[in-house]
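There are two complexes below, and they share chain A, which is joined by chain B in the first and by chain C in the second.
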Partner chain A sequence: MEGYILPPETLTNEAIASRLKNEVNEQIRQGLIKKRNLVYLELNGCSGNIISLLNGQNPDFEYTLNSMVNLRYSNSLMAAEGEQAIEQLMEVLDEDYILAVEGAVALKNDGLYNVIGRWKGEPFTGLQAAQMLGEKASHILAVGACATHGGVSAAKPNPSESVGLQTVLPDRNIIKLTGCPVNPDWFLGTLAHILLYGEPETDNLNRPLMFYSTLIHDRCPRRPFFDRGIFAEKLGDKTCLFKLGCRGPVTRVDCPTRQWNGHVNWPVGASTPCIGCASFGFPDAMEPFVSYDTTRIVQDE
Partner chain B sequence: MHNTPELLGLQMRHLIVLAQRDLYNFSEARNPYMNAERTLQRLRETLFSIQAVGEQLTRQHAVSQLSNQTPASVFLGHPAIPPITPTPPLQFYQQNLRDLTVEELATFDGKNGRPAYVAVNGVVYDVTNNRAWAAATHFALTAGKDHSGAFASCHAGQESILTTLPVAGRLV
Partner chain C sequence: MNRKIIINPLTRISGFMEIDVTVENNRVVDAKTKGNLFRGFEQMMVGRKPFDAVYFTQRICGICSAAHSMASSIALEDALNITPMEQGRYLRDIIHCCEYLQNHIRHFYQYTVPDFVRMEQNTLLASDHEDFRLPKTVNDRIAKHYFDSLPISRSAHQMLAVLGGKAPHNHGVFIGGVTTQATAEKVVTLDSLLDDIIAFIDDKMIPDVYEIAHYYPEYFQIGGGYGNLLSYGAFDHYGELGTLYVDPLVYAMNTIEAFDESKIKEKIDYSWFQAPADTYNPDSLMPVPDQNKQKAYSWVKAPRYNGLPFEVGPLARLILSGNYQNRVSAMDRTIARALEAKKITAIMKTLLSQIIPDVDVQKKYEVPESGEGRGLVDTTRGALGHWLKIKDKKLSFYQIITPSTWDFSTKDDEGYRGVAEEALIGTPIQNPDKPAEIGRILRSFDPCMSCATHVYRPGKQVKTIKVF
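Coming up: the complex of A and B.
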């Protein structure tokens, strides 16, 4: 190959994630890297992240996941149930595994507000699972807003006393994939990077830079309207949604270029403001999501 | 509205920062999307404003000097030449600088078309069109309040953020 100048690799967001996934599959097929075990825990949340991940396509999520890793435990995807399922979870503890956690950790009443199964006749809480598995995992991924900082589960008034995963595992390095829910690419891309090269480069809040480095505002297709001060007055207007409360200017993630539902559309593309779901502090700190009573008509003082 | 020297100084500093930023953009030509004509126009207006504020300051200084002096005397039979009065200030880029109480500040909450103001360390800034203040709110903070504490805890060492905001007045 020496002496040849290869054409540049595509650097679009979609290309980066799919190249990582394809590279992993190819290297596993050739026996260059080994499949690792993956434990996907669903704690106190709405299961929105696993539903979003199932939306991954070409190839479909389940196939991609299974060809990259051995999925040893997943509340939603595994066939086993009841104590049998928890037994499978316990078996992994003695092996090497990557841990992905979705949902917050409920602390109230020693975690009894979130019971994920039964173990030896006793309720097995999310808190126990997070601590037990978090201590031994080789890498930890916090998937979605609830896992990264508490998210919707920890929103006021937080009756279950939910917290983010880092609070119960203060000494572990946790890769934080914010978003409510996460995009399949953010999760699969990060997982592929761990298999190929180890943990990806992250920002000061531990979010992978390859997905979370740019502000939504900076790549928004409606940015020219913002710069010229042309603002939408109601949802559905095709101009800048800033005055309605768009959080694109403070939210770092690649939604405008990656998009959702198989790269088809995204909130601003559907004429609704960004609600900042990929920002720390979501949802409480990102409210109001929409405001009609704001500085639209600037009167001279 | 009487602009105190302190407020004028504050405004002057802000204008100079604006001009410096535009000059920097020009000299480096880093931003390929920079609209050169518009930046030049803004620079021109900023310079006019600096001139205007400077003249206001000079006039106030002259007035204060005059009030300290003894009444105008007669010099060799002629009345003393009155001090040169500066030309009226140009109204480019002139802001309504004002002293606001906490209660007054609360009315600038960005609702119903009112501007959105916030105070940090005694200075009132206009965040009406600041991109991080969509719907006059910012990470659960609302406009019309003194956010010195929140600023110190979240943006310590990032005082440069404040220099990019238009100054609306002073919190008293």
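Coming up: the complex of A and C.
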């Protein structure tokens, strides 16, 4: 390193970042900066989005919990159980909080198809929780296909009469993070934007443009095969999967570049068609997911 | 004095569950477990394209989605009369192993540890009971491992995605085994990630579970239940390798015998379902929801084998395969999960060593006009079965019995309670105002109500004190 003029050690990027981080942590500790409260409701769904959230990397779940938000309620993670857990949920109502909801709202039988706890001895339904918490939240995130539009929970014949969150909160602005599940970056990135700069810019369907602006097809690494008319005939083939029913041409999201699970792979990387899980029509309007005969005339029943 | 304890929600499980327990002289004398959500996947499957079942049924559960892709693929192979190539089975089973690891690590640290270890790092993890016994240094070490485990379970999902495209809800498992081809680079990536997981299991997870067991010894005496054990088989019947873990076996009344599918019946006497018969073979009837059914108290169905309730899961598999002494209790179940994680890594090492790169196991498959198939496979939580029928090239019938349906069933017409209900009976409750025991016992089963997909109905409650 001789001959180079190095900045004083306290001016390196690492030192600055570390100083800022310590400063923020110290201010949080002293109560000068308040971490925002986050309520994470799981409703009628598979809990796949919170599992996906645990898969987040940079930021990861640990960073989110320690440096971004006070997670006040999560059925999957909180230590408290029973009515004590529901009490913790109710306490937040008097404070400022961001609401994240995964899962659909089941309307059947006044919501009794999805009871998330007991409150004062009575069943507390997902429907009640969505309306009660949704009304007072500063920002609302619908996380995953079931929350954004009903998703698989509302697949025909929709036995639980499930609907997306917006249906029961018609007057609220809800940021819609489609996907089954949501990629942790889509959720944590949107959350970070809210914390740092307010709500992100969205498209006409309320999806953040920073993740949902471009068709999968437009950035697909197999696009050259499409352009040259070289198509896969079965799963596992390494060419364009369009004729097997790939929904990349109609699905707006950044899977080809962002990929999944720490950027290691994505469905097309596994030589399977995109099934359009980040499209609003998923699943019914995206079926069949797999077909070996897409030159056929599709007849809707 | 009779007291009723109701816990709802039981947190740190997958999905929603309510527990109703009656306590007499500080002992549990009656118990009911009830699932609190219903989506109706079996009805949703009717009329869909058969191949879509692989990706569709995964959406039953976000924590064990690969399990459903396994069962539906095997059921479709049965219906299409396809025998997958051994290389396809190896790769598919490696994907399945990744899910076991992700699930076991998360279940132990994120779901079980807060029951026994005082977590002070975050208010979310603050407990509502006082029964914490670990010395501070031990407590703090395991509490730190709660966070250390996160990148490890994450990397198990990362391995899954290397072959399966993404996790949860992978795209790789399919008819014939997998859609992807292994490459040398992928094998090395998997092996490298696996070594870090093995080190974590050896150095932290297994010592931690034994440390907890040491300070909570009475949990070896409670939470046992019937002690009947069942497995559909896991990582078994390879041509070249034989069985790497466990064959399809059952254990009851001190005897181990071969599993026989014809002895499985589902019962719905106490479940909110209606069908021409209350006891039926899983491939014969699809009961429909009926909330007005008298005497039913829950919408959990009750699978029985040879007329008896059977426990499924890691402890059942370890005992049936001769890898664990024959004891059944809440703590044995928890230890079994950690020991099985270790066992799974050894299976993965063997499977990885068998992989031949660049073998394409996929074909262009044809949906038959009609047919039927079953996919029975042991998954993370235990025995999972999918039964399907095809008519006019579409699914006309779908039946699913999940592991949590075995463990969290209702009672039946013979008077047998569900396995988890029975496990609670007789449990001493130290402090009925803050009953730590119930959640600990139930969580030892790793309940998954998302899979069990039930309905809640408020029944007539006995006038008692409610403790939450």
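Criterion: the second predicted complex is superposed on the first by the 254 of 301 C-alpha atoms of A that agree within 3 Å, B and C clash if a C-alpha of one lies under 4 Å from a C-alpha of the other, contacts with A are read in each partner's own complex, and residues count from 1 in each chain.
The working rule: contacts are C-beta pairs under 8 Å (C-beta built on N, C-alpha and C of every residue); 3 or more make two chains touch, one makes a residue touch a chain.
Note that the structure is a prediction, hence the values are computed from the model and not measured.
In the superposition on chain A, contact is made by A:S153 with chain C only, not with chain B. In the overlay built on the shared chain, the residue A:K234 is in contact with chain C alone; chain B does not reach it.
Of the two partner chains, chain B is the only one touched by A:C246; chain C is not. Counting the residues of chain A that each partner touches, chain B and chain C differ, and the larger count belongs to C.
By the touch criterion defined above, A:E287 reaches both chain B and chain C.
Comparing the two interfaces of chain A, the one with chain B and the one with chain C have residues 287-288, 290-291, 301 in common. Residues 217, 226, 229, 242-247, 249-250, 273, 281, 284-288, 290-291, 293-299, 301 of chain A are the ones touching chain B in the complex. For chain B in complex with chain A, the touching residues are 96, 110-116, 128-129, 131-132, 134-140. Here chain C touches chain A in the complex through residues 6-16, 18, 36-40, 43-44, 47-49, 51-52, 54-56, 59-63, 65, 106, 110, 114-115, 119, 122-128, 147, 150-151, 153-154, 157-158, 160-172, 174, 179-181, 189, 289, 291, 360-366, 439, 450, 455-458, 466, 468, going by the rule given at the top. Put simply, chain A touches chain C in their complex at residues 42, 44-52, 54-55, 57, 60-62, 65-66, 70-86, 106, 109, 112-118, 121-123, 126, 151-153, 155-157, 159-160, 162, 180-181, 233-237, 260-262, 264-272, 275, 277, 283, 287-292, 301.
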